[in-house]
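So, here's a batch of structures to check.
Okay, so chain A shows up in both of these, paired with chain B first and chain C after.
So, the complex of A and B:
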């Protein structure tokens, strides 16, 4: 048996302190960001869940009575909820594919060689930089029923016989805003997809041309698989973003005419803002979040299957 | 020669022309707004906007009557405050995520990504109640805190990906030369990711400048950022489109200019993760 040399205390202490420091340091560097997010994101979220189980109307702040799931069962009976849900589904199902297709076309064009490409690439993202309020204002002016340029153009070309009040007509209001949102969001897709396109090695295309593959087949077998990862991420991010987005609607129509442009987040927001009913508003916000979460999980599962 | 001309023509038809059409769609609404803002109010309804006889009248009225300068100052304070809070909290966290391995690292990093996806409406109600209880309603601080809910997670992600791009051997070299961990971070890594810090800061600034719903809910009277001011104008000056569009152009100007300046670096940073993933 050989005796292991035992280091004396003075040597242990610095080594141990160094090890402790190594363990503590990463957490110490992290803690400010984590603690602040806990305080300003997670704590409020829990509070929303808590408020949704209470009767809480802001002009009667003393009254905060536990009502359990009452608000949630009221939601199922609420006609406005179902209208808003239908609009939210339409809203996502039209806007996201429209943004993606327009973004794809733009990215494919920007990936070609032409003299003014840098200029085009810089200008294409302008809608992305504009405040939603300004976008809403700009398009409200375009859609204006008396002096708007859209009616003017369509009348001159002869597509319309009389001007349409795009935002005041319940049949067109939602679609008019969807066009605005498509305009706002497609540059994001264009930029993401362009980055994906540029990561596909040129040699793939050269080899395919040598083998006589048509450009359509090249697109199908090289380009699409090459950008599938980016497309997957971009669609996920945009779906969430479009679903949540309510500022453009809020400024353009405020949900009207009637309930024609209500979506779920807007309904929850208006319920709290105009009716000051924070209990019911919170329940609506929670319901919307859970539905969105369900869609995201479903999407992630299906895409994972498609990849494997 | 003939072949060259033919392929140029083909390129113009298949690339330049469609690209130009998309750009018309992209820029048209913005240019239309700019043109409207430069047209005298009385001409607007008789002849409509036109490129001949442009006037600055609407802009002069904007600053004289509506008091837009005050609103721009509010926006500036809120946006700068958010940049400072967002960057200070996230840079050290990003360094930690990039350089150390510890338990729950993936979970923690993922939660920062997830926060960015939470519906704003889920946070805006409790934040309103909270600010009311703290007596912070209608202060710059309330808006800075609210905007930080978006800024912190975003910049943690951006900065982590920037620092990941700086080789670890640099920290190690500095530490062999006698630097401690912290001074290696401050003296070596931070200067190297300065471009990343600036780009992230500018993006936070733009987002906070453009933010509207928090500004409307938590501010409004004393503190009225430019987005709220523009929206209020829509209500007050309903048919004065010249004045309204001038407000829109001015309100969007700082963010638009900043965006054009940093777009290349920013887009690179934003898309990096997605392409790899």
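So, the complex of A and C:
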């Protein structure tokens, strides 16, 4: 009979300790980030949910009365909520695809070989790198009906007879801001897609062209599948960002004229910050969060899959 | 949570105290003028008052009150601040202000403050929480050269105003496009001052239920007609703010607008003698214009209230008040500085003084800030763009004031 050497106790302990350490160390390293996230993201979220169930007007700080779901039922009756919701849907449904398509076209162009390509790739990021407030002010001047360059150009080439107050006309204001945001956001898609394009091996294209595949078929069967992962993640992320973005609208029109450029985050912000009604403002923010949750869950699932 | 915030603010408040025995007065103000003399005023004050340090912060006007209210609730309010009367009811509800009556009574500069200003700034409870620092009254600016060219006289009534505005709206270079509009209307925030001049002067009309009366609705309708039927406002009017109305007037895009003496130097620099001023026209049997008040106050959380008072009373004293107003472009509140005032052309100071008899403050109500910030602009913009009627707009405003 052969005997199996049994490690003595003193040898087991360090091995176990090392294993335990390996398990605990990541948690220990992650915990500061988790704690900070809990403090600055999760805690305010819970607080918002709690405030949305109370009457809480900031200039009456002592009055904090429980009202249950009163604000939520008021929201359903609120004309401005429905106007804002419709604008939010339009805002997302036009801006994100427009940014994605423009970004795709730009990425395909930047993936070609041409002189000064690195410079072009660096320049394209400028709209994305500029602060939103600067972009909003710049475009507000472009659209200005008295001195704006857009009206001036259109009048000169004879497309317009009279200058149009793009931001003061309720029929054009929202679309004018959508164009601004498209301009601001398309470089993000361009850069993401460009990275995706560079990860597709050249050999695929060589093999396809040997088989006689046209450029369009190559794009459809090689390029698109190759960047689909990046594109999907970018669209999900961008949808969440665009949905929440209100700084450009706030600076360009403040929601006006009337309610013509109100979106839900802007409405929640104005209620809470300008009218100081934190109860109703919080309920609006919570409602919007619930509406957006579907997209957020989709994104989280996708990130989880990527981790595994 | 409140306890945490208070503890944090206590720590924040203690920190400078530990570092130095001197007291620091945190002062919030809002100046648009880039030539800001605040550092000169601070240096002068600190020299005269060793031991008190002034930390003056210029907070942008558009979010001034949003920031102030949030800072008060967050426990991080300044020790003293520039304040307007419309904010007083809210600030009192928040118990954020220190009564100044005792300090004013013992202040040597008291008798130098213009006569009726302490009456105007008295709170509903009879106390004084504000110390006046500047004032203006809004009047009508007009292009004297264009009026002369068309043989028009400055309008005395709403009807004359409308007639003049229609005549002044014209294509001056024959290209088929309108180059000059009769009136630059402010449809964005603070434009209630323009609307008020056409609406609130009418007999029996005020910011309450009377707005829904025939006379009240007629006022709003008058404004809407000027835009929709007579087309005497630039098409951008619904969104236009201060920069736009002044810019358009300076460049000849508009021939009239309403503002106060604060913009007169800028307009004279651009237009010289071509710009003149008269009180706003009489509409529906009366006149109404905005009294633009500005005071300073000591906040109840101030760590050294005496130091804060010393600083604000310094700003309303002879000489200092003149320097302060040379930056804001408004008028001094001291008798001595008013007597020697030469910072504005005489015709604009006269138009201001002629407007004082019918210059009004907005109602002392908690609803007033909401009226100024959101209810008036959104409803006016919707009315101008034909989304709601004049009656609906006035009802929305009357409802807001009835709720409070």
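In this text, the second predicted complex is superposed on the first by the 266 of 308 C-alpha atoms of A that agree within 3 Å, B and C clash if a C-alpha of one lies under 4 Å from a C-alpha of the other, contacts with A are read in each partner's own complex, and residues count from 1 in each chain.
The working rule: a contact is a pair of C-beta atoms (placed from the backbone, for glycine too) under 8 Å apart; a residue touches a chain by one contact, two chains touch by 3 or more.
Worth saying up front: this structure is predicted, and the values here are computed from it rather than measured.
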Partner chain(s) touched by A:273 [first = chain B, second = chain C, both, neither]: both
Chain B versus chain C as contact partner of A:102, first or second or both or neither: first
Touching partner for A:33 - first (chain B), second (chain C), both, neither: first
Which superposed partner A:130 touches (first chain B, second chain C, both, neither): first
Touched partner set for A:259, first chain B, second chain C, both or neither: second
Between chain B and chain C, more extensive residue contact with chain A: B
Touched partner set for A:47, first chain B, second chain C, both or neither: both
First, second, both or neither for A:142, with chain B first and chain C second: first
Touched partner set for A:59, first chain B, second chain C, both or neither: second
Common interface positions of chain A, toward chain B and toward chain C: 47, 144, 146-147, 273
Residue ranges of chain A touching chain B (in the complex, touch as defined): 23, 25-27, 29-30, 32-34, 36-37, 40-41, 43-45, 47-48, 51, 102, 105-106, 109-110, 112, 114, 116, 120, 122-134, 137-142, 144, 146-147, 149, 152, 183, 187, 191-192, 195-196, 199, 229-230, 233-234, 237, 240, 243-244, 246-247, 250-251, 265, 268-269, 272-273, 278, 281-282, 285-286, 288-289, 292, 296
Complex contacts: residues of chain C adjacent to chain A: 1, 66, 69-70, 73, 90-91, 93-94, 176-178, 187-189, 234-240, 244, 247-248, 251, 253, 366, 370, 373-374, 377-379, 381-382, 384-385, 387
Footprint of chain C on chain A - complex, ascending: 47, 58-61, 144-147, 155, 161-165, 167-170, 253-260, 270, 273-276
Footprint of chain A on chain B - complex, ascending: 11, 15-16, 18-19, 22-23, 25-27, 29-30, 32-33, 36, 44-45, 48, 88-90, 92-93, 95-97, 99-100, 102, 108, 111-112, 115, 117-130, 145-146, 148-149, 152-153, 156, 181-182, 206, 209-210, 212-213, 217, 226-228, 230-231, 234, 241, 244-245, 247-249, 251-252, 255-256, 258-260, 263, 267, 270-272, 274-275, 277
